[in-house]
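Paired with chain B in one complex and with chain C in the other, chain A is shared by the two complexes that follow.
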Partner chain A sequence: MKILCDRTQLQEAFAIVSSVVPSKTTKPILQNVLLTANENGITLFATDLEMAVKVQLEAVKVTKEGKVLLPARECAALLRELSDPTVTLDSTDMRCRIESGGGSFVLLGENPADFPEEAKIKPGRGMKMPAGRLLQMIKETAFAAAREETRYAINGVMMDFGGSCLRMVATDGRRLSISYYNLDGGKGEFKALVPVRALATLARAIPDSSKEELTISVGDKQIEFAFGKAHLLSQQLESRFPDYEGVVPKAADTTVEINRSMLESSLRKAAILCSDDLRMVRFEVQESALRLTAESNSRGRADVSMDITKKGAGGSINFNPDYILEALRVCNLDSVRLDMSDDSMPAKFTLGESFTYIVMPISGT
Partner chain B sequence: MVIRRLSPEVVNQIAAGEVIERPYSIVKELIENSLDAGGRRLRVEILKGGAELVRIGDDGEGFAPEDLLLAFASHATSKLSLLADLDHIASLGFRGEALASIGSVARCSIKSRQPGSGEGHEIRCEGGVVSEVMPCGCPPGTQIEVRELFFNTPARRRFLKSSGAEKAKIQELLYELSLARLDVDFTFLADGVEVLRLGAGQSLAERFAQCFGRDLAKGLLPVAKSFGDLHIAGLIGEPDLARRDGRQELLYVNGRQASERSAVMSIRQAYREFLMGGRFPIYALQIVLPPSEVDVNVHPRKKEVRFLDSRRVAGSLYETVRSGLQTSGAMSAPLGVQITDDMPRARSGFPALPPSLFATPLADSAPPPVLVRELSAPSFGEGARPFATSVNAKASVLPARPNPFRSTGSRFLQVHDLYVLLQVDDGLLIVDQHALHERVIYERLCREHQARKVTVQHLLLPAVVLLSPAEKAWVLDVKESLASAGMLVDDFGEGSVAVHAVPAVFKNAAPQKLLRALLPMDGESDAALRLEEQVVERFHSMSCRSAVMSGDRLNDEEMAALLTEAATLLHPHNCPHGRPTVLTFTSAELERYFRRRC
Partner chain C sequence: MDAFYAAIEQRDRPELRGKPVIIGGENPRQVVATASYEARKYGVRSAMPGVRARQLCPQGIFVAPRMAVYVAVGQQVREVFHRFTDLVEPLSLDEAFLDVTGSAALFGDGPTIAQCIKREVFSATQLTVSVGVATSKFLAKVASDLRKPDGLVIVPPGTELKFLAGLCVGRMFGVGPILKAQLLRAGLQTIGDVQQQSRIALCTAFGRDLGERLFVLANGLDDRPVVTNRAQKSIGAELTFSRDLTTREAARAVLRQLADQVGRRLRKQGMRSKVVRLKLRLPDFTTFARQQAIAATHVDQVLFGAACELLDATWRGHPGIRLLGLTAGNLVAAGGSEGVQRCLFDAPVASGKSERLLRAMDAIRDRHGEHAVRHGSERSGTTPFGPAIDSSEPQLLGWRKFPLGDR
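Presenting the complex of A and B:
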């Protein structure tokens, strides 16, 4: 195999692909990236057996077709350090010579035939949407997923498509985040539980507010996101996702409209005076103000108020401030809505036209 | 197939297998008999580890000649007659099995003379064949000889250990039994040599020292606490003395050495933050409670008992040991075992409840007792012993180990970026900065935690936990207790419960794991206490993470601040994982080392 290509483009593609390369593995061959050159250009492919990323590159001059395995870490570092605009890769057997500017480097790889093959998804179920919109939905949900996978909590986001609407849902059992996207005249349906890590990798590859179209294809065990020249394929999680619609409160005793940036900054101030081991801020809804208080025996007390508009009875409720702050960070509205009842019932934050967030309060016994 | 009724001899030999395993079990059974008979001076003699001869003599009430005839009969006892008596057994033995069992596997003789009577009588039993009762000369009391153990069951004889091992086992048994009866004089001879002589009237500490060594006894703290009709007293060892096995966890219930799982576990829990993993505390603790609250008839060799209200016993033990480990000395003065209630009496003529036991003076000598309480103990027939409780002034405020940082001066030096050398009034301290700081942070977190109300984080989705029927029954049983500590659980049908809320300090912990962590407690111990332990466990790791590390250089102000705060610690001697925080060299030790003083 022999190719000549643009160094910057190769480096960017390599960075995307090598983000799935496992840093620790008992199967060392996975620490390589597979480069395939044919008449259409080259593709880079890497996998950790749970997910796989493939990127195509066309601005390449292929003088000899073929395949080579490149050690991911060394190759990525090398591409970063080289300064010449072009780079030549020339491989024979399992060694690859990289030439750029005055430098010449030989990387020892492994046999490309031993590298895991790309899984194919049989076409059928799926949908299309703007990539930037999916990025927004990932941001609105992934933070609420559990940090690790247990029988109770799921480190994944549910993608539930049906009735012209895609719903993405994540929960760790204490709070739950739902983001919606309505399609004009979409059809078909699927449910897939996607690992947070796969979505995070995908999110890194999508530029903010990209209008480019992204295709989602769903197989029995896998899900594939195709976007531009990049493909990400991931295993679906097999856990049972809870019935999320059942936990969204239908009615509330009190409804409050709050300025988002005010709430965020006040809450951040109040949270400073929570104790390390017990994170709790009290939300007290008064006639036209929301009062936030926090207290720690060893640090002191915080008391912040802000103007609100209120409907209903008023009252007070305690939250872990970190749960609320994480959600406010991805909210773009000027004003958010809080629907709450008593201190053992779920409270609902409306953080966007299509972004709902449910949090369980903390109470004394 | 023909089903035959076994002959009484065979039945006895089979039964003997359960009670009599080796010479040790004979000694145990016979000592218990002697104590039940009111013996005050006990003499135990063995030859060849007891396989050749076990002879036990006492000065107790003795047998009447007509009773001697029944001595070797199975299920014949003087200690019990009605079914109802089983509910309040106050004697050590009660089943009437021991002598019959011994008689069926050895050559035995009993010589006995009642104190008032002019002559004694003798009966023999060889391999279950009982002789007639013959008059003989003997001192008052009862002498029992057991020769050639297992002479008629050679197979079992082969299973006996070496005579040295058997002797050691018997000696250990005497140590353990004697701690429960400070009013009895014990003598032990092996192969004609006097091995042990424990005088009556020793204090618990003295006897412990004689049995287990002076060095060990030095590190013991006396404790005593009463909880209504439940009394706990004895000695607990300082955490430093902890062993790698649980062999010096000595628990006595109404004068009987017996173990009960939740009781033992609660004592270990009380010690937990002072001990490194895999270490067991040393203690000798006596629980006194009305006999109707204990079931002693649960184990063939009476090694275990059961409590009617095991949670109460476990909780009381925990509190007693915890406050005993308090170094501040500020705790309320322990007044020894105060037994004022009217315990159910055993039938008249029975030597009833255990004697004053651990309630004899807690500390040796010095100032005269400030409080001597002769409690209106029930009269236990002849040989009744009042439950005297006396504690002298010294013991009323625990001496324990004072906080060494209270007397620190201002001279200190950090070495190796890890240890702080510190001059104190009476010597030199070497402090592990990480361990001490960990303890400081840990106690700060605990104080803050205790000062606030219990808060619960409700769960959006109840966590369903699959449980065995026993586990589930236990969880539902302790539901209220869990709720008071911040965990809300409910029945979720068919072998499962649902957790609806967890204590808010567990930010992201999986509720299932949390509930499961409470489970292995045999279903008996205090659930809220276990949940608290899980909280405290979190504090362990939080304090470890935020403490200064080995390699952090401290300036003088930082060291001064650490040492000032250390002076306020409740338990300054160990980090929360049980590692020591400080090494002490007293001036006297330093002088000795440099030969300034001999």
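Presenting the complex of A and C:
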């Protein structure tokens, strides 16, 4: 195999693909990236057997077709360090010579025939949407998924498509994030629990506010995202996702409109003086103000107020400030809405036209 | 105390005196709690499986432990300690650090107090105690172990390095068989050999934390104070089974019992736990320990739920389970004003009703014993200890045989 290609393009593609490469594995061959050159250009392919990423590059001159396995870590580092605009890859017998500028490097690979093959999923259910919109939805949900390894039941984002609406939902059992996308005349339905890691990898490959079309195809056990020249295939998580619709509060005693940036900065200040044992900020809804207080026995007290508009009875409720700050970070609205009822019932934050966030409070026994 | 449990048995049962007595280990899968000095001659040690102890010492007399007695005697001993100083840090039932710096004017210097303690412990319990007197906790502990039984070893101030130099590296706490082998391979046989090494050399060879600790211990630089009421860090319970568990249901039944026990102790002590740890040992002694963070709780059901998640994540296709343990860690006081993070999907548990239910169950158990009230789920199937509810338990049937107003 022999190719000549643009170094920056190859480096970017390589970076996307190699984010799948496992750093620790019982199958060392997975620490390689498979490069295939044919008349259409080249493809880069990597997998950890739970997910796989493939990226195609066309702006390549293929002198000789073929396949080679490149050690991911070394190759990525090398492409980063090289400065010449183009790079030549030339392989014979599991070794690949990389030439660029005045440098020449030989990478020792393994047999491409031993590398796992690309899995195909049966096309059937699926949908199309703008890539940038999916990126936004991933940002609005993935942060709320459980991080503890053992809570695998909710260690993913639920993609629930039906009635021409895609709902992405993530929860760690204490807060829950839902993002919606309405299609015009979409049809079919599916439910897939997608590992957070797959979505994070996908998010890295999508430029902000990209209008390009992204295709989602859902098989029995896998889900595939195809976008431009990139494909990501992931196993679905097999566990049961909790009944999320049941926990969304339908009515509220108190509704508050708050300036987002004010809330964010006030909450950050109050959070400094939370106690270590129990991170908690008290939200007290007064006549036209929201008062945030926090207290730590060993460090001190915080008391911050801001203007709000209020409907309903008012009252107070305690939250873990981190839960709210994480959500505000991905919110673009100027003003957010808080619906709350009882200090031990879930509260609902409306953080976007199609972005709802449910948080359970902290309350006494 | 010297061979504490065994010494108590020999004191109370004259026929055991001078004989190899082994406390615990009577069942082949139980471990030895304590061996008398006569039994130790055969190589019997604490924490050794009963089978092995029997091989080493066939003529050993195996005695079932009487924990209540040992606890009472331990209390007597501790009372003696408290006559000399209020700074007593118990290490276990029969071991403690005493800081007697402030007691010198009243009772004399360290060696004098040590003599008094030995005398008074003996007159109170007819048992011997070994004492080490030194300027740090580590040295005092090493010194007390050196001339057991009935020993008294004094390390005068200024002679610490010399005292340590001649000892084997295994005397340092935290140096178990594996680390000891590593040290020996590195040519370090005595603590003196370690003293010859620079701090940097030790850190390079054994990693920063371990190297630092070896340096500190070998050079007698231990400056930890004697702490009287160490905050409890965790509450746990574990069970070794007479037969290996083979089904998930059986394992869950055990976890249910352990969670009940641990939850009950949390509530008794007014604590909540923020971490659940599962310990699982396979028949081949491979041991797994996994933990999970949870919202601060003292509710059995929450502990049980987390333990089951850990079980599913840990026990995957292994043949059997020899031991299961459940520990509640990262304890925080359940202060009145403090709250609990509520959860979205297990609301029933967090409700005031379940709280009241737990209180009621605790009250029943306080009054009528641990088995007075049980979960309905325990009725079906069997536990590893036999049928979940066996017929040997008292049944409320008898009085019906004497119907009122018979005549």
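Keep this in mind: the second predicted complex is superposed on the first by the 361 of 365 C-alpha atoms of A that agree within 3 Å, B and C clash if a C-alpha of one lies under 4 Å from a C-alpha of the other, contacts with A are read in each partner's own complex, and residues count from 1 in each chain.
As a convention for this text, a contact is a pair of C-beta atoms (placed from the backbone, for glycine too) under 8 Å apart; a residue touches a chain by one contact, two chains touch by 3 or more.
Since the structure is predicted, the reported quantities are computational estimates derived from the model, not experimental observations.
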Three-chain arrangement built on chain A, chain B and chain C clash or fit:
clash
Just checking: does A:Thr171 make contact with chain B only, chain C only, both, or neither of them? Give me first, second, both or neither.
both
Between chain B and chain C, which makes contact with more of the residues in chain A?
B
After superposition on the shared chain, which partner residues are touched by A:Asp277: those of chain B (first), chain C (second), both, or neither?
both
Quick one: is A:Asn318 in contact with chain B, with chain C, with both, or with neither? Answer first, second, both or neither.
both
I'd like to know which partner A:Met360 touches here: chain B for first, chain C for second, both or neither.
both
Chain A residues where the chain B and chain C footprints coincide 150-152, 171, 173-176, 242, 247, 277-278, 280, 318, 320, 344, 346, 358, 360-365
Contact residues on chain A for chain C in the complex?
148-152, 171, 173-176, 242-243, 247, 277-278, 280, 318, 320, 344, 346, 358, 360-365
So in the complex, the part of chain B that touches chain A is made up of which residues?
444-445, 447-449, 451-461, 463, 483-484, 486, 501, 504-505, 507-508, 510-513, 538-539, 542
Sites on chain A touched by chain B in the complex:
146-147, 150-153, 171-176, 242, 247, 275-280, 296-298, 318, 320, 344, 346, 358-365
Contact set on chain C toward chain A in their complex:
290, 292-293, 295-296, 309-310, 313, 332, 334, 336-346, 350, 352, 355
